[in-house]
């Protein structure tokens, strides 16, 4: 069984040593190990992918949770292989409801086998949508839309979330949040073709570059690394010369983005792909 | 009637003055005028788009041809509105036959209303294709594939060509050739999404950027200006993570590029679009 | 004598024809001619560089001014060769005083032979500096710093300005202003190395790209064209790894930017260089 | 004492586990740990920076060498703090002798305190230079200049090299070589400003972008990561408009590049800086 361990703490030595000692003592095979630091703040993170016997999972999780408590580290243990039921999703939104709606409908219709465990917003625009589909809604936004990032992590933990969907969620997750749910668990929908059109106005940027093709990108969030490397799916549409930017944005938001997110999410939930050393690869199935 | 005049000569004063004198004397309205120089060589060009009464076209063309002869300038007069029959195409190729084949089939099936007047290659790989469709073939390439650019222009003139298709023609046209057929008459097929992926290996470049979307761009060639601004059509396809580059290139070359060129060419031949001050715009129809 | 003519008007035909008729009738040699349109608004511009006998200059200017009045076109006639005294400068500022101060000091010390005819600001931060050097000051800014662009042009005309210095002037000139003073008369100081670091935060962008070299660029403003092509001078400085961004910005603003503008302006005022078809070239002197 | 451990092997599990077991058993503090895989080949690497008591260094090195021998891993143990004498350099060259010459002269004059232990070339152009300074010379190039990369590593090991200088060495090191000498030991001189001008013709690229500033970059090589992040020093020069590319290249090669490499190398040898999680930072000195 493959297990992902993430840990975040205030210094690198105190972070790595207790975890590595325990894991190697358990006889686990380390298949991937990375340490990160934040460029400007004293925050360090470690990412481990290990292979263990399935019956050791529960004790591993308990032991590392205890280490986290004792050493004041934020430690998480997760495996895509442990849950019997369909994976549990958190759908994070700001203004636009279309991508979230498309995901909820795809789940309802059986196209995507997942459980929409919770919806989280830094704005309340999608609260009604959550109610309509009977999904718990939590607002984490302040008056200006600023997000309570710690509250989001608490909710993800509390709802026992497997995958976090940033469905046109318009705030940047802090590095510490990305690290806590690292390993291919945070899925972002970007409304432009990456890596050519990052930024917050990709439709306008592509239009100003005189392109006639516009696109959306579904990708894993990997902290401190260029998003271009973790693309799960890209969906595009072409327009005729002279098409107004308002119409381009409308097609993108109402049709192309939702389709992109649904197809990308399906690939993740069906475990057709996985993150392997910062790259999305087709999962080997024997 | 809108008429395009292009002129190329060895200095700027001798180039502009005689033409402008004649045209303004004729009572033509000048709707666009540009002068270019070559960065390093002493070559200058002028581009004029004017509006005249249709019955003046023949005498304008005759007079400017005579001016060209006397002043040793390379002058061309052309209008998209003069020809009764379908527009005449030159299809230029190097190795890949697929885009040319797609155009020839689209003409044969009536999807594109145009006359394939001549095929020109700097390599002989598409000669058989020309024979198969009964189109005159001319080789302009040397032993190493180097192109005789003057010979190409002579052929375009001789065959009375309206539009030049660079159908995966792998040589760069010199500025003087682009100037001679300026005004939206040279149509290039680039095998990547412009402006993000220029260069000679766009499939590999996009793949190395971890993109899952690949595309082709059909655009007018405008000398000395970034190609991104003159896009006629873009066509894309998406692949699954892990798709090998050979398969990506195969889909691109065999399916996507031909489709892109046919759709773009159709837009030109049907006069849905036109070049307006270096930009492709939807043609106003009253 | 080389003369620059610029014209701006609401349509292309009415703009070009009367001017070209007059100029060619005068027997002038046309050495450069360009027409521009605005991407979205109905504004057209024409740029002409012609060669005439010096004694025709006054009547040319009078005649074209009259044509402008009659046809409701905004026409300007200018030659770098006509003025007996040193060229007249308008220095435009927003917040930062250092580049303007450096220019004023360089003029005072005789390093730059020019007349600081007027200072213009969309913010009042440099008003005191103008007073200190006895230069007329005009504010063209609203409460939010928005600039009255027409007022700026009126001031440039009224003060009979040869060259406009954008000395960390933080507003973008509209295309119509750029066209009216086209031909190498508007000199901008950009606080980053072009074309790599455009935008409004070039120090931060270069720092985030982990560069240890920072720079400033003095360039002519050419409407609708990438600024990279009209560079007059670039000045750089290097820092040690770990240098804080505040210190980098300080060195740039206090030392490097002023030095860059002074050196670039000197090159213009001394007529070492000129714009030739959108390119800065060394002026040929016989 | 800080110690760098690098290991390269054919699979990830067999690579990490024995090393981590030993190191953690020794009571070392792990301050940085990374694992890499090669995109297309089955090569994995691990990088460890640990802190141990200085008197454990010898036994650590012996034990890991033995583990490498037994497990068939390529393991290296190195510390910048262990050597009593000045650090030992390998200077790698292809054609241009200027940067190597500048380094040799700076060592001779005492400006740089280092020992030029060996010179290595894939071409023989700098062999005479090695002889002139009494430095051992080894050719690792084939007839077409192709480099024997394994031979280079053998030489680096054999000559007990601390830092590898790529002094206009024109071959790309394979990832496995970069990994073996990871941790800030391979110093490259690039003849353009990074990250704006990568590639093999940076002078021409900057010139075509109309820049008037040109530069060189001294940086650590970090496998599979963009070089822009590991810049040690950048050195620039500005030219007047109209300067020919040949003159620009000459100034760059003869003056600017050698100066850049000498200043950068000095920073490394004096241990003013170090690599900290893929970033060059000023070394803290207490």
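Per-chain residue numbering starts at 1, and chain names A, B, C and D are given in the order in which the chains are listed.
By our rule, a contact is a pair of C-beta atoms (placed from the backbone, for glycine too) under 8 Å apart; a residue touches a chain by one contact, two chains touch by 3 or more.
Quick caveat: nothing in here was measured; it's all calculated off a predicted structure.
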| item | value |
| --- | --- |
| Shortest chain-hopping distance from chain B out to chain D | 2 |
| Cα superposition of chain B on its sequence copy chain C - rotation in ° rounded to nearest 5 | 180 |
| Whole-Å gap between the CA centroids of chain A and chain D | 36 |
| Distance from the mean Cα position of chain D to that of chain C, given in whole angstrom | 46 |
| Chain A and chain C: spacing of chain centres that average the CA atoms, whole Å | 48 |
| Contacts with 2+ other chains: residues of chain D | 279 |
| Graph class of chain-chain contacts, one of line, ring, star, complete, other | ring |
| Footprint of chain D on chain C - complex, ascending | 193-197, 209-213, 215, 228-236, 238, 240-242, 267, 272-273, 279-282 |
| Residues of chain D touching chain A in the complex | 12-13, 16-17, 20-21, 24, 29-37, 39, 46, 51, 276-277, 279 |
